[in-house]
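Reviewing the structure listed below.
Letters A, B, C and D mark the chains as written, and numbering starts fresh at 1 in each.
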Amino acid sequence: MSLFFLITAAIAIGGTLAAMTRRNPIHCILSLALGLVGVAGVYLALGAQFVGFTQILVYVGAVAILATFALMMTQGHIVSALIEPRRAFSRSSVSGFVTAAGVFSVLGWAAQSYRPLTPSTQQAPAAGAKEVGVALMHTYVLPLEVIGVLLTAALIGAVVIALPSEEERS
Amino acid sequence: MTPLNLFLLLSALLFSIGLAGALTRRNAILVLIGIELMLNAANINLIAFWRFGPNPEALTGVMFAIFSISVAAAEAAVGLAIILAVYRHNKTTNLNQIDTLKG
Amino acid sequence: MNAFPWLSLLTALPVVGAGVVLVAGARSDRAARFLSVGFAVGALCIALLLWHGFDVNVGGMQLVEQHAWVPALHIQYHLGIDGLGLSMLLLSAIVTLISLGASWKIEDRVPLYFALILLVEACLFGAFTALNFIHWFTFWELCLIPAFFLIKIWGGPRRTPAATQFLVYTMAGSVAMLLSFLAMYLAANTFEFEELATIAQSGRLLPSLAASSSWMHLTPEHLGLVIFAGVFLGFAVKVPVIPFHTWLPDTYAEAPTGTTILLTGAMSKMGLYGFLRILVPIFAPQMQSVLTPLLWMAVATVVLGSLSAMAQTDLKRIFAYSSINHLGYCLLGIFAAVRYAGSDAQLLTQRAAALSGTMLQMFNHGITAATIFWFVAILETRSGGARELSDFGGLRRNAPVLAGMMGIALFSSLGLPGLNGFISEFLIFKGAFPLATWATALCTIGLLITAVFILNVIQRVFSGPLQERHSNFLDLSGKEQMLLAPAIALMFLLGLDPQILLSHLNATVLQLTNTIKF
Amino acid sequence: MSWIVHNLWLVAALPFAAGGVISVMKQRQRTLAAGLAVGSMALSFVLALMAFVQVLTSHGEATRQFSNFAWFQFGAEWVRLGWLLDPLTAVMLVMVTFVGLLIFIYSIGYMAEDENFKRFFCFLALFAGAMLGVLIANNLLLLFMCWEIVGLTSYLLIGFWYEKPSAAAAAKKAFIVTRIGDLGLFLGMAWLYAQTGTLLFYDAGRGCLEANALTTLAMHTTVFGLTLSSAIGILIFCGSAGKSGQVPLHVWLPDAMEGPTPVSALIHAATMVAAGVFLLARVYPLLSAGVTHGMTTTVALQVVTWVGAITALFGALVAVAQWDIKRILAYSTMSQLGYMMIGLGTGGVSVGMFHLITHAFFKALLFLGAGSVIHGCHGEQDIRFMGGLRKAMPVTFAAYSCGMLALCGVPLFSGFWSKDEILHSAFVWNLSRGPFYIGAIGALLTAFYMTRQMIYVYAGTTRLAAESTHGEHGHSGAHESPKVMTVPLLILAVPAVVLGFFGTPVWPWFQSFLEGDTANVSFGALGGAFPLMIVSSLIVFVGLGLGWLLYGRKLIVDVGALDRIESAQPGLFHLLSGAFYINELYAATVVRFTLVAASVSAWLDRWIFGGVVRAISTIFVLFAKVDSFADTHVVNRGFDAGCGSVSYGGSFLSKLQAGKVQRYLKFVGVALFVAVALLFWGGKA
């Protein structure tokens, strides 16, 4: 139980909590970026360097920025509109929180009571860029190609969807 | 409490936070972010099980996580694009006012 | 073995016709009518061609086409005709034309109607040529479907229950028959009519039946009877034999008259055809062992059929019962023919007379009944749908030609010498009298009652003072006379020179008389 | 074989062809139609004469010639038809064609005003063809076919005035009643065919009327101890009883007078009704098979004799009390046909046939005379409205008187000789004198009712004008008929008077001709028959005198006056005028029975056969009902509740489907919660 883990876990929890509770969406996104960095730290703590850095690259570097842009492109010009009204105890948010708490209770219960059948005795294996690269180019070459296609399709799809339609342009 | 349990617990917490956000926020972008969080929590599980699992040499969990992240990225891109389109149509991203899925 | 597939061609032609009529008739009803008549005439031409090319000296099957269909179950595509099949083909072709003629005035969904009629014709051709049970049964059942829709869509006010009754009743009979044939298949491992007949005549059918389906510890004889009863039921409903006839009056009365023509002219012959093609060669011993009830049924069919006809007031119902009555004579002929075993010359002669008469009667009744219903259709359209006897009276004044021509058809049905009905009835009675004396004597009551109700129809419709509302009743137009004349001429032709038909039937009759062995 | 035997079929075919051609002609081609019919009949007459000469000039075996041909086959056998020329055929041919020709000519005048003139001649020609077919047939089947067509044309002609409901009903009745008899004939034919294997009468030793077949038939006995030949003979007699109006199948004949009078003359007096007698004469070898030297008779012949006797008496009795001029003649015809049957049964073919021939001429004459009277009285048929016609219609009166005297059997007239011969053979019949006494009474009655009719119609003054409202045409008084009608009457009067001389006991030419012998004049024969002749003459004169006594002494003046018998014996008179209420009896029994049977059958159909089907379907419906009950109250309770909750749940769920994405997500969350909880604790347990 390393200190590193504790710190990163705390950052992740704190960041995400803030991301989900702040009323200003800009703040939310920034907090999210922080929380995701924490998650990346957790990956590192688990010995999955490549995944950790990918996490930072993809989420912090891309998704968070993307979200920001989206936010600004939608309601960026009316700052007040961005601020959600304070209504912490409205019926739907209470039920949302209760659901989430329920889910957490069962998941947490499950997580803490899990006992692996064969306790791991090995050292953490290396999962650096080299190992991952070799695996990607050998065992997982087909999924890689597929995911490449998927990403391309997503890219094109996103562009197409986001494009203004004919009448809007004219 | 083995380390694995701790990671799982963390994952469960992050998942629940993401879920709570996705359930309570009104802004579509934030809901999307909540969902991304839930995906991240799942990824933590994948990595943790890889790390403490019986056969870590196979890199299965890592690979799964990588692909998951890729898919999540794609999803985020498309999702945000959809939000843009919806906004352009409805002039709002408030989910309370968007109910075209009504059955 | 497989020469040019005339029979397949004949069966396929109306199917193609139905398709063409549906497609091409979508634009114009007129086109649908003429196209369907064109295809029916084509079928008739092929039938006449077959008639011409038929070798009258061969008793067995001709123009055989045989291909494996489902080899694992010994199901074959097996076609062929003998004299009986040939005469039925010709009859179906003629009756279809009459039916089309009588349906000319149908206005609702014309292409569909005419296409369905052609489909019925195709099924009839199929059923009258098939020599494998499954193949035959397919057409036998398939026939019901277009008929059902014809009744259901174009029928009278009570068409829905009538159509349902028709379908369910005949289906029930068919199911019994199917079960029986499955049992025989288990025993004999074949669905071929000819093979089954050979096996049955050599006496091997019952033992193998008992071996293959020992049901409820029945003796082979009883088991044979049960199997026979199943097949009998299927045909008895179709003919129909009293008391399995209750579907018929409602159906005939409610069906559009063109369809009634098909039902009585051709489809009722399927049942009798089954009697001759299947029951007599395969089940003669079983028939003989229950002959007394069977003869009673024949007598009941003849006598009660005619008496019930007398009690009716609706023209279509009268002739529906009259059909029952006339087909009853065929039953009498068939049952009498299987009464005695043996093959001495005297017996063979009587049997041949009864069976010749039966086959001739099938053909004659088809022509006559179809023509009569055609006239009923004419009366119906001219009087605005009236069919009750009391709706008419004195029509002869306005429509002497109609009265004359319909009179000829009616007298043909009555069995007047010189017209077609007489010879067949005479042959049946001639053959049946020495074989089943009392039943035949009782059946003469039917001849009398038939005269009573037919004369009653003539009197009520054509004689007496002309009713006010028919003062504008039109006589047959020249065109109608031209159309009806061939049917009337056929009645005279067959009445004066039955040898035309009998020459083609004779070899078949001879063969059939020799197959009745025990 | 001579030309005429080969082409005998032409005799029948010519009128048939004429009828066929006329049937497709236009309604207004009246002259052509009549010309065709008369022409064909004339040709047939010539052919018949040729045939007659042929028979007359041949001897022995050659008097019977036939020509057979194959018609159709069944199994290994062929049905063969043929025609036959023998003395019986020849004499009948001549009679039918001659009488027919005269009646055809007469009809031209009688039907002149009818709008369906053409159709009348079409039917007449068809009838003549069929009747001649009956005569020439050498096959019972062919005979039966023509016989039926005769019945059909009779039906058509009786119902010729189809707009009169009574005519249509009478036509139907005639057809049906004769058909009842025909069914017996039909069965007899089937039986004969089955027994002998042929229906050809003569076929060079193989025919069914030839020795081989007859010996077999006479040897075997069947039900009631009848020989086969008798049983078949009786069945065949059923047919002839129907056609010849014998009791109990006579009811159609009086009603048949609804037809035009020439029809009555041709069909219901001269030819068709005689066909029954002819048929018996034709199959006489069968009827008498087994008779040895005339010592015994057969059952069939006894039946024929007794039925004939009853009919003879019945017809004569009923004729006494009729008012309709044609009905009197109709019952008279019945009665005379009964005589023929007696003659046939007791004395053989020649006796019956002789009366048939003489009767044909004088009865045709009487009917045509009656037709002339009706024509002259503008359609009036009731003799009470006639009277005094002797002066108005002298020609008719003269001819009619000849016929009347012949019918009564006044000595030297043709009827005398033939009737006397019947009475003679009945007298010497060895089984019973019954038929003779009946015949004698009948003869008395015949003379009586004919006198009554003559006096009513011709004597006194006319009562036609007295009832001017009745005369439909509005003419006053009667008038003589045109030449086209009276000439045939006069022609017919000749044979009515003289024909009898061809068959007197002194010179029995006719009888020998029929039997193929040559006749010799022998006055010795007269000695045996003479006493009986005296007796029968006396009987006739008593009858005539009785008639004159009752009706002639004091002439009838008043139209409404009661008949003399009616005033004396009203009950008897009504019984007779109602024809012993046989019609009513039949209506109450046979007809009612048939109608009841029909409704029973319809009832059976509806309630028993249909009922079984309905019961079966009801059982299924019942099962369905039970099932549905269980459904409603057991399953459905739950099911309804289930349905309710489903529908509630549906509405609930549809509320959930509010289009709010987050709400959906919330469900997923809850579902996750539940699933994990279940998985977890479920796995634990």
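One rule holds for everything that comes next: a residue touches a chain if its C-beta (ideal position, glycine included) is under 8 Å from a C-beta of that chain, and two chains touch if they have at least 3 such contacts.
Predicted, not measured: the structure shown is a model, and the values here were computed from it.
S.K.: Report the most central chain, judged by the distance from each chain's C-alpha mean to the global C-alpha mean.
M.R.: Taking the mean of all protein C-alpha atoms as reference, the closest chain is C.
S.K.: With contacts counted as defined, which of the two, C-D or A-D, has more C-beta pairs across the interface?
M.R.: Between the chain pairs C-D and A-D, C-D carries more contacts.
S.K.: What is the distance in Å between the mean C-alpha positions of subunit C and subunit D?
M.R.: Computed from C-alpha means, the inter-chain centre distance equals 34 Å.
S.K.: Can you check how far apart subunit A and subunit D are, centre to centre, with Cα atoms defining each centre and the answer in Å?
M.R.: Their C-alpha centroids are separated by 113 Å.
S.K.: Can you compute the centre-to-centre distance for subunit A and subunit C, using the mean CA position of each chain? Integer Å is fine.
M.R.: 82
S.K.: If you average the CA atoms of subunit A and of subunit B, how many Å lie between those two points?
M.R.: Here the centre of subunit B sits 6 Å away from the centre of subunit A.
S.K.: Two-or-more-chain contact residues of subunit B, please, as numbers and ranges.
M.R.: 19, 23-24
S.K.: Could you say which residues in subunit D touch two or more other chains, in rising order?
M.R.: Residues 662, 666, 669 of subunit D touch two or more partner chains.
S.K.: Residues of subunit A touching 2+ other chains?
M.R.: Residues 92, 95-96, 99-100, 103, 107, 110 of subunit A touch two or more partner chains.
S.K.: Mind giving me all the chain pairs that touch?
M.R.: According to the stated criterion, the contacting chain pairs are A-B, A-D, B-D, C-D.
S.K.: How about subunit B: which of its residues touch subunit D in the complex?
M.R.: Interface residues on the subunit B side: 19, 22-24, 31, 95-96, 98-103.
S.K.: Across the complex, what residues on subunit D touch subunit B?
M.R.: Subunit D residues touching subunit B: 654, 657-662, 664-666, 669.
S.K.: Name, in rising order, each residue of subunit B that touches subunit A in their complex.
M.R.: Residue positions touching the partner: 1-21, 23-27, 29-30, 32-34, 36-37, 40, 43-44, 47-48, 50-54, 56-57, 59, 61-63, 65-67, 69-78, 80-85, 87-88, 93.
S.K.: Where on subunit D does subunit C make contact in their complex?
M.R.: 23, 71-77, 119, 141, 144-146, 148-149, 152, 155, 159, 162-163, 165, 167-169, 171-172, 175-176, 179-180, 183, 186-187, 189-191, 193-195, 197, 594-595, 597-602, 604-605, 608-610, 612-613
S.K.: Taking the touch rule as given, give the residues of subunit C at its contact with subunit D in the complex, in rising order.
M.R.: 169, 242-243, 245-246, 249, 303-304, 307-308, 310-312, 345-346, 348-353, 355-357, 394, 396-397, 400, 404, 411, 416-418, 422-423, 426-427, 429-431, 433-434, 440-441, 444, 447-449, 451-452, 455-456, 458-459, 462-466, 497-499, 502-503, 506, 509-510, 513
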